[in-house]
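Each of the next two complexes has subunit A plus one more chain, namely subunit B in the first and subunit C in the second.
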Partner chain A sequence: MKKVRIYVLAMLAGIASLTGCGSDNGDDNTGSDFDRKAMLTNYADNLIVPGYQRFAETTTELKTAVEAFAASPSEAMLATARQKYQQAYLTWQELSMYEFGPADEQMLRSNLNVYPTNATQIESNVSSGTYDLQASANLAAKGLPALDYLLYGQATQAEVIAQYTTATTAANRKKYLQDITNLVAQQAQSTYDAWTQNYSTTFKQSEGTAVGSAIGNLVNQLNSDIDITKRYKVGIPAGKFTAGTARPTEAEAYYSHTSLELLLQNLRAEKALFLGMSADNINGIGLDDYLNHVNAKKDAMLLSDAIEQQFNLAIAAAEAINAPIDQAVTTNQAAVNKLYDELQKLIVLTKTDMPSKLGVTISYTDNDGD
Partner chain B sequence: MLQKLRPFLTAPVSAAPLAVFRIIFGGMMLASIARFMLKGWVTELYVLPRVYFPFYGFEWVKPLGETGMYALFGLIALSSLGIMLGLFYRWAAVLFFLSFTYVELIDKTNYLNHYYFVSIVALLMILVPAHRHFSLDVLRKPGLWVSHVPRWTILIFQLQLGLVYFYAGVAKLNPDWLLEAMPLRAWLPAHTHLPIIGPLFDYVWVAYLFCWFGAFYDLTIPFFLSWRKSRLLAYAKVIVFHMLTAMLFQIGMFPYIMMVSTLIFFSPAFHERILTFFRSIARVQLPQNYRVATIKSQPVLLNLLAFYFVLQVLVPWRFMLYPDKLFWTEQGYRFSWRVMLMEKAGTAFFYVRDPRTGKESEINNRDYLTANQEKMVATQPDMLVQFAHIIRDDYKQKGISAPEVRAEVYVTMNGRDSRLFIDPTKNLAAEEDSFLPKTWILPFDGAVPPQHAVGQK
Partner chain C sequence: MLNFFKYRTFALAAVAASVMLTSCSEDGDDNISYNVPTTYNFQNVNYSGQTARIAMLGELDAYIKRGHTGEVLDAQVMRNMYANANAPFADASLNTSGKQLKDKTIATAQTTFEGFFDAVATASQSAGAVASNGTAGILTTADNKKYLVDANGVEYAQVIAKGLMGAVFYNQAVEGYLTDLKIGPAVDNTTVTPGEGTKMEHHWDEAFGYFGAPIDFPANTTNLKFWANYSNQVNPALNSNKTMMDAFIKGRAAISAKDMAGKDAAAATLRNEWERLVAASAIHELNAAKTNIADQAKKSHYLSEAMGFIMGLQYKTDRKLNNTQYEQVMAKIGTNLYNTTSTDIVAAIDILSAAYNMDAIKGQL
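Up next is the complex of A and B:
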């Protein structure tokens, strides 16, 4: 019994000495603890929900405009439909980084924005008049890139209108255009509804930084989105994956040549996510504040500043391209390469440094670790 | 020395602990394998991946296709059942060791210390007469029955378990763990939502407490478990420690395996009570005579085991043969009971170049790798070389005769800034993996202290 007592004492002494050891560690972030819930509330209430609301609105307007165009195809109607399509596409760029919860259930990234769109598949669907838009074979024949093709696929407006008036498949094409638009609008609405009905609460109440937590989702999906920006919006058209041979037709929104605006909108939205900044430019509590709270540094500066600065460099590099990506990849390679490099630097910061400082696991499978 | 120890090692002791250990080990393995299959991991880890990362020298170990892999897992399950019941025990033990180890050798992406532990315990199981007490083999052939076994047949498992804990503790004696509480201080805040103890994880002293307690626990528990008077308290600590790790980390069955395996430190009387309970259920009688298992190859076995344990003691130190910091280079990291020691993450960009044209393409890693493989490749030099070779061979098939592969890899370790990990100009396609130091790993600058991470007060 005596030995047991000695043993218990030894254990207690050990623990006590550890406690002492820990408490005299003057950590740099004494004071209040970080309000993760306030951060998540900011994201849900000021960025995500208003974003999906705008997306539901713009896609509904698009739907109305497309219906009007289908009812009486004219230059004026086409112009309105195109304008509404652009607004919807730009709004999507502000939301592609939230692919978790409802957006993940709707698989928005693959249902709304797989490009290059498959013109052959679209034409075959149009001419046959029968298609299953939920089939994976049609992933590249629907969504916003398909609308890009259907609204801009011909050299002139007159030729586009002719496809919906005089062409033999005009009726089928109108139906396909509307079916695709309706699906986009419907998915936008479903995502918005799911957020407002209950996911918003789930999101705000999710705690911790583990896989599947709100913070884990934000960080991981922001990184996925930056990866997509770099690889698909810039890298593939620029020939980074094809030994330098540019592939202009693989650029986003190739037919409307709006890839640069979309890219810029996307980059600014990724930066806004990082900062927790709403569309009205109100900078709320965001990942940058969380990084500051844990006093994360990169070299001599705050990691949050380093990341914000790198976002700015990437945005500046994109602005300097000054032409649609599909053209710039052949006419202004230097500018495209510069953007590509800035995005690469950004990825290292957001995908390697940020998660490790926040204790967010970039973990993809639910397999065991040790 | 072995000669002097021999009388001690070969002295007869009750066979009950060995029989209970056999049942526990077989049962836990059966449960683990069933869980693994039910989670769909056979398909996910051994059927779907396009490429695999075999261990050096075991490149001939290949996955067997969907049917083959499920058959192999079926064999593992069946042989663990054989071990548990003590039915055709030797065959079961050999089959289990071979099939389980084969699976683990297919892809080092899935390397876990506890899989290594299972493999070597299975190897030891082959050598002992664990089926000669309370087993179906005894029912089949009553002549097999013994009441006592040589002490070493139980001691080797205690020693092996002790080594696992002790070396896990030794590995924790490093500045990051003890002085910075890394990586626990980065990991614990992920669990602030747990009831009762969760809110504590926001405090940095809790991370320190866990680090120091963890090290103290690992270093001492083999001794406290061996010492009769501290055993019960020590076992309570085993339960608390492993329950905590089970709650905090995604480590599957391992905590439970350790909780029941450590029962082997308990007295023969304890194990006999367990068996008596089972016997009362099964309504079988314990023969009253005394019979010691004689093991014909015992002298050879003892020498082999001595050699085996010398290896076990030395292997974790092999990292000292390599230059630079172990955690950074990971040369000599595996097979050393370094458990949950690092928060290491990386991003790897691979490029393949055709020397004839000078043109370079970036690789989309996910065209080849699963998410998990990509994550492992980015921080482990030997896997970087292996992946470079996979890319090289693929581009050779695409018609480039001598593709060059280089990688730009950024790694962060235990909260430090991400930095270039390897020489980004090195043609990895021309590098051969070996046990020699990899000179193209950039030096770890030990002068830069880890940055304090994560939101604690």
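Up next is the complex of A and C:
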């Protein structure tokens, strides 16, 4: 019956609607006359390279702080190490969406941020004192989540410090902490170096929107990152894959309970990527401008506005949680579910509508596939 | 043979056609007509991963049932089969399939099933001795069928097989493949991978694969696996064979014709009917336990099957049986199956049939 009404309306509106289809013409126009190089230059020079520079800096500061803590474990030194760790982790959240080129070669997502971290494996490595941090068995025993465990894994600061002072494995643990930290810093530096040495040029000169092009990579990895945000940061802890049974220990940064800050930083960075906005809030040429150039519409509004609005709704939903994800999934499920729903809506816009308007193929595969 | 599937509004759409040309609809949902075949016969269908997991559960089930003959079972063998580690299967193609049951088991239940492997291995240490209340061993039915049970009379072979039907096949379908996550608007339905179709088509096919039916089910009822087999058993009262199969076929045709409303309707039907199928299978086994209340071997056997099915009911987010009712049903069945009374079984049936609105058919399941 609903359909019948639609037809009647369509008949009544017949002539008027003749003029209402302008946006569809955009489908055939993927904006080959858009200044893609200017957009890519903005991404490289104002977002990505400065981002990796900050990451190299924050991880170097982390390395220094961890060395100082290992040299004389005290509450003050621990506090500094924790603070530097948090800065590094927040910076990573601004860069996880650029997993192509140098970051892909370094496999940063897998090497830096596999969670939940495997405490059993970490303890086994610490007590044996021998380990190969490049082995795949250790992917969940290194990176930022392992640091989260090593710096926050006990109920009190004093207990953490005891692990590095009076415990029989104290020397081994100090070494493990430093080995892991050094590896994070080294990979951050390598990625930054690769961008500044030649990848930046390659990226800016990349033409077209085909698979493997700079624009193809940007759109694919932005979506992959939003998928990860939705699934790992929110969905799994919220019990979306366990028929509603919450799994708090699966949350990011479970030991420091900083998951919400990390999530927010990540969402804001995903939005900034979409807008082409630098960390100094200078809004340069971005994917939103590209969409506007091809006059991409979503219903009555510009697709770029629809996406920006949906980012804002997701960020507002995240802010409303107001507690670490690992706690909120049991104490404030409704707020977490709301965020998940907003992210679902976001991914439809970014993964279906945006690529089709830009002529980009989504080629990355969800890692939960069959 | 093809049926021509029409929307009621088709004629109207034709009348309005010249006007409709000016509509701005991009996906053309409003006036789609397309053929819906009578069998699951489509281009680019591949659900080999599901077929492999069904075969894996078949081999795991067969191994555990060797305990019924007094063989001592090895928990590590079961764990290997569960995770497809160390080439555990007789069918060598399964060993190299890259598929496994464990990583597709709902995450909250993986350790539960591994605990069951340990429990049945422990029970099998009885090595063929007669079971009794408090002592693991073999129970023998009046017609000389033998079942390995633990000290509480639980036949883990059944709990594991029926439980994994829920925790893997059912859960993957109703929580994954038949939801927006896998067939929603963010999933590609344009790019065709030869042999697999679009991502959306492929995901739908994978849901069908977990049902375990031949493509011409229910006309053909040979070689039914797991859920299709149970659908066929409860079908006289539930009519699930046709409901499930029609929805699978309609939904697949809808996806290929870009009829997203038709796809969503078929998915909703499947999620609902599959849950009813799980509940009906549980009631079916509880009825059998009640009928055989005097034969402890059969009673243990059927109650264990029911326990496995009821476990499965937990693995859907929008389930009709809430957590409290779940605990109540399980409490009625009890942990010691020697002590379960016919009153308990009737009470368990009633909780399920009330939750699933099956009072009218509960006696016929």
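Simple rule for what comes next: the second predicted complex is superposed on the first by the 331 of 370 C-alpha atoms of A that agree within 3 Å, B and C clash if a C-alpha of one lies under 4 Å from a C-alpha of the other, contacts with A are read in each partner's own complex, and residues count from 1 in each chain.
Criterion: contacts are C-beta pairs under 8 Å (C-beta built on N, C-alpha and C of every residue); 3 or more make two chains touch, one makes a residue touch a chain.
Quick caveat, the model's predicted, so the values are computed rather than measured.
Peer 1: Would you check which partner chain A:294 touches, where first means subunit B only, second means subunit C only, and both and neither mean what they say?
Peer 2: In the superposition, A:294 contacts subunit B only.
Peer 1: Looking at the overlay, does A:128 come into contact with subunit B only (first), subunit C only (second), both, or neither?
Peer 2: A:128: touches no partner chain.
Peer 1: Scan A:344 for contacts with subunit B and subunit C and give back first, second, both or neither.
Peer 2: Both partners.
Peer 1: Quick one: is A:358 in contact with subunit B, with subunit C, with both, or with neither? Answer first, second, both or neither.
Peer 2: The first partner, subunit B, only.
Peer 1: Quick check on the superposed pair: does A:247 touch subunit B, subunit C, both, or neither? Answer first, second, both or neither.
Peer 2: Second partner only, subunit C.
Peer 1: Which chain, subunit B or subunit C, is in touch with more residues of subunit A?
Peer 2: B
Peer 1: Does subunit B (first) or subunit C (second) touch A:209, or do both, or does neither?
Peer 2: first
Peer 1: Taking the superposition on A as described, I'd like to know which of subunit B and subunit C A:34 touches: first, second, both or neither.
Peer 2: first
Peer 1: Can you list the residues of subunit A that touch subunit B in one structure and subunit C in the other?
Peer 2: 3-4, 7, 14-15, 18, 21, 23, 240-244, 344, 347-348, 351-352, 356, 361-362, 370
Peer 1: Touching residues of subunit A toward subunit C in the complex: what are they?
Peer 2: Touching subunit C: residues 3-4, 6-7, 10-11, 14-15, 17-18, 20-21, 23-24, 236, 240-245, 247, 344, 347-348, 351-352, 356, 361-362, 370 of subunit A.
Peer 1: Residues of subunit B touching subunit A in their complex?
Peer 2: On the subunit B side, the touching residues are 39, 41, 44-45, 110, 112-114, 181, 186-193, 198, 202, 204-209, 212-213, 216, 224, 227, 229-230, 233, 249-254, 339-340, 343, 345-347, 349, 354, 357, 359-364, 370-372, 375, 410-412, 415, 417-418, 451-457.
Peer 1: For the complex, which residues does subunit C have touching subunit A?
Peer 2: Going by the criterion above, the answer is residues 7, 9, 12-13, 16, 19-20, 22-24, 26, 30, 49-50, 99, 106-108, 171, 175, 180, 184-186, 188, 190-191, 206, 314-317, 319.
Peer 1: Please give the residue numbers of subunit A that touch subunit B in the complex, ascending.
Peer 2: 1, 3-4, 7-8, 14-15, 18-19, 21-23, 25, 27-34, 36, 207-210, 213, 231, 235, 240-244, 290, 293-299, 344, 347-349, 351-353, 355-370
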